[in-house]
Amino acid sequence: MTTHLAEEPACAIHDPGAGVSDFGLDREGLRACYDRVRQTTEALCSPLEVEDYVIQSMPDASPAKWHLAHTSWFFETFVLSSWEGGLAPVDSRYGYLFNSYYNAVGERIARDRRGLLSRPTVAEVYRYRSAVDDRVREFLDRSADDELDRVRAAFILGLNHEQQHQELIVTDVKHGLAANPLKPSYRGEGGERAAAQPSDLASGPPRWVEFPGGVRPIGHDGGRFAFDNEGPRHEQLVPPFALADRPVTNREFLAFLEDGGYDRPQFWLSDGWYARSRNGWTGPLYWEREEGAWRSFTLDGLRPLGPDEPVCHVSFYEADAYARWAGARLATEAEWETAAVLSGAVVDGNFLESARFHPAAVPATTSPGSSKAPSQLFGDVWEWTQSPYTPYRGFKPAAGALGEYNGKFMCNQIILRGGSCASPRSHIRPTYRNFFPPESRWQFTGIRLAKDV
Amino acid sequence: MTTHLAEEPACAIHDPGAGVSDFGLDREGLRACYDRVRQTTEALCSPLEVEDYVIQSMPDASPAKWHLAHTSWFFETFVLSSWEGGLAPVDSRYGYLFNSYYNAVGERIARDRRGLLSRPTVAEVYRYRSAVDDRVREFLDRSADDELDRVRAAFILGLNHEQQHQELIVTDVKHGLAANPLKPSYRGEGGERAAAQPSDLASGPPRWVEFPGGVRPIGHDGGRFAFDNEGPRHEQLVPPFALADRPVTNREFLAFLEDGGYDRPQFWLSDGWYARSRNGWTGPLYWEREEGAWRSFTLDGLRPLGPDEPVCHVSFYEADAYARWAGARLATEAEWETAAVLSGAVVDGNFLESARFHPAAVPATTSPGSSKAPSQLFGDVWEWTQSPYTPYRGFKPAAGALGEYNGKFMCNQIILRGGSCASPRSHIRPTYRNFFPPESRWQFTGIRLAKDV
Amino acid sequence: MTTHLAEEPACAIHDPGAGVSDFGLDREGLRACYDRVRQTTEALCSPLEVEDYVIQSMPDASPAKWHLAHTSWFFETFVLSSWEGGLAPVDSRYGYLFNSYYNAVGERIARDRRGLLSRPTVAEVYRYRSAVDDRVREFLDRSADDELDRVRAAFILGLNHEQQHQELIVTDVKHGLAANPLKPSYRGEGGERAAAQPSDLASGPPRWVEFPGGVRPIGHDGGRFAFDNEGPRHEQLVPPFALADRPVTNREFLAFLEDGGYDRPQFWLSDGWYARSRNGWTGPLYWEREEGAWRSFTLDGLRPLGPDEPVCHVSFYEADAYARWAGARLATEAEWETAAVLSGAVVDGNFLESARFHPAAVPATTSPGSSKAPSQLFGDVWEWTQSPYTPYRGFKPAAGALGEYNGKFMCNQIILRGGSCASPRSHIRPTYRNFFPPESRWQFTGIRLAKDV
Amino acid sequence: MTTHLAEEPACAIHDPGAGVSDFGLDREGLRACYDRVRQTTEALCSPLEVEDYVIQSMPDASPAKWHLAHTSWFFETFVLSSWEGGLAPVDSRYGYLFNSYYNAVGERIARDRRGLLSRPTVAEVYRYRSAVDDRVREFLDRSADDELDRVRAAFILGLNHEQQHQELIVTDVKHGLAANPLKPSYRGEGGERAAAQPSDLASGPPRWVEFPGGVRPIGHDGGRFAFDNEGPRHEQLVPPFALADRPVTNREFLAFLEDGGYDRPQFWLSDGWYARSRNGWTGPLYWEREEGAWRSFTLDGLRPLGPDEPVCHVSFYEADAYARWAGARLATEAEWETAAVLSGAVVDGNFLESARFHPAAVPATTSPGSSKAPSQLFGDVWEWTQSPYTPYRGFKPAAGALGEYNGKFMCNQIILRGGSCASPRSHIRPTYRNFFPPESRWQFTGIRLAKDV
């Protein structure tokens, strides 16, 4: 599947498909997957001006060229470097620049200084990518079978890792453009597609979808690729619960805001109230009010707020406060996963490949139905759960540097589920555990209500 | 039970006994309990100089006189103020000064400015306490039965609340004295008791005590007083596990330290490594090394490190790093509670009433036994679990201001269990959930290892 | 001269008189001076509660007991320690606690941690003072003549140093009490004297007093004691200028404020505008507006603003902005000194000894005169000049630790002249150079206008 | 005079000559001057990659493209906008982006956020410059004589303003490249010229050049262009003094460093010692020690330290500490100006036009002479004086927004004199007053010793 971005035929978002998590792929399949993933990363950058690649608008965000280089460094470090006979690194100085956080691999530049690097230039970074691509392809062509098998897991991890950075490129570019008083559009003034217009579908109140309790298997079974934090699969006692059939919309969140939601501490966690006060939050990130009308900054520039679109760019604190105001709560991650499995929801919807880069309102035809199943579990917005990010029972991080991938972040973060409009479709699973600090707002993060039954 | 503190006959630590959580007490019983709790608070302050009551050595700690006043304000606000006919507050300006965090009750002085208040003086605060005591006793004498019943829960809560502040007085005074280069002793130079001497009991390695898995009831059943966060009682699926039969000792922790534990990021959570670096941690709080020998600051001044005493004043991050270094992990709070219930451990041991104010080594006679049950689950040191502080399923905070007591802190904190040498014995239960941010070290916090079986 | 403070006969403000700067005093004279200075320091503290001695309301302010101890440490370190045969320090640990900033004398506690020290207690500090007093008197009795002569200059410096801390005790106690929402009065509710009532003398506009230009001698000639920064005496070319005949009043400053002075950047230095914005200044320190009326916090509590009193507690930035708004400027320090000398102004007025602790309005009888001389040059308020604090040509700091007294602060500070209502009268001279950072407001700092002629 | 930069014939550093401060130039002359100034700015940027234009390596530095745009905005705002009939701004949104600090002209983006702007792109900024150039030329062609005369002073100011930003482009680009671990060279690997090689001329100790005292005229007489802060010309009494005949060299400064200069507080101002400690200074900015050898980062990359080159990139604090260590002092600005005038020094030497971008050692032939005159007063390095930046007597800033150019910064800054290797030659005068905060190090700032005689 190919989605053309801004009608640039040479630069397209390729869906690498299920192969991206298939440990059994042959060399040809690996290469096809690799090519699609790598090309998609570059396609996402193709609308950027050179200058857009450079800036870092906050310590949590990285320059686009850093993402381009870091994902290449990842293959170089964790796949190519162990190839017998070996290949010297393309540039021995790049390890220091493009290591993200792997202590076991060595020192690195401070995270908040990535935006101070004008060199290597964008062109040099693309040359670096190209050199790594050549070597990866040479490796796929020439490596012995046992050599390939030894790094097969790391290779697949590299593909999924790059997909994560595709999402970050979208969110970081958005944050960088939003920091500019000119409020530029990612795809240029004429770049927005019909699909990106605000959708004002009439929608009624959300419906509750009930799920039975029981001892439920939770987590990934390991047959195909999953991140280490999704396992081991284990049992949890999940009590009966209900989920809203769709995410909270802008219209609904606006009602909270207009009811003084941001000024009434009784709805907020203590840390949340402090975050709101310290940061001066008066609405979701990217919302602006001008002459009585709300607009939000999108990758297609400032747009009137779409009332029936899922609210997004809210922190966990705002999601939690909204839920309390609404007389409900957020789901636990076990509830969310149970709902996804029991309702048989298919991983499809408004993902990166739609090239919309913004959550979409539920089509009217799905909403008024009998709501046997929640809609939009996948895509559109990441859904904050109430679950802190902790290891599943029996979790063991991998040996070596790759063990730092997930495990060391299991503190002070909250689980999100379901993927967003910036996630590659093939990257998401019902067991997928995303995590961010409760104060984060620059991802496409939204709210789905839950309650006890 | 009365423990004389520093041989001052008039000032003693009274154990109020089980009455402190008994909703069925008559007026006489309530008054006896009240008197004992209030007198104990003052007994804990009796060794202090006037100057010691004033200082605030960090934003998390409060001056002793603030604790004395705040606990009185609590009774005034949540018990007396609703008394029919009413009583004017003792001083209408005190609400602003001595409200801790109850948004519903009004504005208050910033937490980190409590140490800037020289007035009311210590004598005035004691007069305030005394005035509140008079009114509470008058209330107990004169209130109608329905009036008493309406505030009975708040009254019992006020007693337990004051017990929490007794523990904080001990830990905050310790922190304040430790900030002083003179390293003064809480009870004066001759104040230390035999019990406070370092105990170097020969102790072997810890033994594992195994517990079976199963669906277990977790949380308090509500028959007697418990904090709202301990309920509702509900079922969790607890897999089989093992706990160490005793907390980690100073000797053991020193081995971690000497093995480079504080310099090897592979043992640490990412946020923990950052906390260690930012704060310059090279050992537990209050440890000092001088001429090759380790000493720790205690309420009886600087003492040689007792090798067989439980290590304390470690953060969650250090506890977690130690466990990883030791090839084990921390317990979940469900595991800990299960172990406490299944092993039939009695809530007894080295509590506030021992007036030791420091964790004690396990007597040699208990240790070499067959270890059917873990020792020191209660008292000595709070044990960090691996569980973030989250609401139990179905948790509903109380209506009104008292609903702010616990619920709004359920984020970015970690559960500790079992009480410490600064906790009143009658205050602790197997279901008791203490919580602190993972970086906190000034409570008597220690480590017990766990593992899967 | 003795001024009784709050009618406590034993505790009085003694004016030590001119002896405090007389290098020729005999032993008896030195002792009399010493006694008066030391007793005055204690008299200033006599209205304090023990708790008031402990707090540090900001890093620039110090606890009263620290001042009591530091001034004693100064005599111990710079006078007694060099006595042949020597005296062991009263407490060897006090050097670390009570050294202010003398690098050459050793390490010290961080300035902003002085308020964390509950020990030594106030009583112990007074015992320390008393022990130092005994030793100083013993030294005066028993030292050989050459021993006395060797430290005579340091002894006189110690007296003047203690006078500086008398002023700081007044300003730091005021700042500490003001931080308290109870707004306590330094001398208690009934402690205010008639003199402390607001004085609303009708006063006309200020008059200009002109001074001729010329090459003028500036600085102290060294015949008697002066701080090293007052010399060497040297010539400067001072052009003709005029000074206002009195300081700016509250009424006048209020007109600036009500004209939007705090909201119009055109009047402000760039750093001043930034300071105003960062600190949220909307008026002088200690001003409050309630129900349309301005009040200011004084050492006698909150009082209505006295319209004809000199405005005080303004920063250099506010003084400079006011002057620009008024179409005038601040004086250079050479102009100020020239005016003081040429007008023959006597060092008298509202000083510490008046025990008023607040600037006073000009008596109506002085104001309407022909204004041949400016009034209130001395006392009431320190007058901000426009001159940065720099060394006079040929300035050489003393050898050794005492060379750190003044010289190392000659950067980023602004000169003030004339003394205030908190300065001992005998401490001030026409050549006296006080200095504070331009953002400081907690001293009694005011404004006198100047202009070119 | 034209100096070719990196042999790019189209991009050259043009010396606009004396015309840049000539109020009597005709239209042709103004245009020639304008063209040379504008082309030089662009020539300085010509070696940059697009990415290099974007970064902001600290709040004090600005991106190169911001300098390009701001200098154009200056002409648009202060010259073109008042043209009768007027011209709409090239882009009405640019005022917000490219106003530096003129409150009277409106709001602006925070200074430390200039590096977050990827748009307008470098190409758009050049188009903006070009559009402004077209309009300026049209204005020069078509304006009425009185229209031209009305803005003549602002026009000349605009030229000199742009020259200031030429220097800032050099220093800010250097700082940005230095922040990059790759340590890139401004002119590329082969870009360095013979002139840029380290020069190790044997040089003896500095000689003192004496100057007589007297009442001296100081400041600019206003016949030609000068910044408002250079006047009014007035008299000062300057005592006799001596200046070193050349700036302090790297060799000499290294002796200070190796004598423990950075570790001995006795040489430092108190604020300087604090700055050194807070910033971790152990040598001048851009110095690095590797395997025992000192190197410094230059615009041609890392080079061995040239021992006889003037030391540069030191703060006022380091300059002052060095002088104290050397038993000397810094000059006052009146002394410096007096020396420049009395010695008849010509404004020539190592300026921007040499395209060396680094201070040069004194040629051996000048040094051993009789030293009747100090060398290198102009060019090479700015020389820190001991004078804080204050207004000359009678100073009046211009009316309107241009009055904010200099006057509002007259606090907390120190005067530097003489220009540097990054200053355009035609921009510097004996009366020129540069100023920076005492902690600044990223300009080419050096040291010349002075002493009393």
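A, B, C and D label the chains in the order they appear, each numbered from 1.
Operating definition for what follows: a contact is a pair of C-beta atoms (placed from the backbone, for glycine too) under 8 Å apart; a residue touches a chain by one contact, two chains touch by 3 or more.
Owing to the predicted nature of the structure, the values given are computational and were not obtained by experimental measurement.
From subunit A, what is the lowest number of touch steps before subunit C is reached?
2
Considering only mean CA positions as chain centres, point out the chain farthest from subunit B.
Farthest chain from subunit B, going by C-alpha centroids: D.
From the C-alpha centre of subunit A to that of subunit D, how far is it in Å?
About 47 Å separates the centre of subunit A from that of subunit D.
On a C-alpha centroid basis, what's the spacing between subunit B and subunit D, in Å?
Going by mean C-alpha positions, subunit B sits 61 Å from subunit D.
Quick one: report the Å distance separating subunit C from subunit D, using the average Cα coordinate of each chain.
40
Can you list the residues of subunit B that touch 2 or more other chains?
Subunit B, residues with two or more chain partners: not present.
By the touch definition up top, name every chain pair that qualifies.
A-B, A-D, B-C, C-D
Can you list the subunit D residues touching subunit C in their complex?
It comes out as residues 101, 103-104, 215, 234-237, 239, 265-266, 268-273, 316-317, 320, 386-388, 390-391, 393-394, 403, 408-412, 438, 452.
Which bits of subunit A are touching subunit D when the two form their complex?
It comes out as residues 49-55, 57, 93, 96-97, 109, 113, 115-122, 176-177, 179-182, 184.
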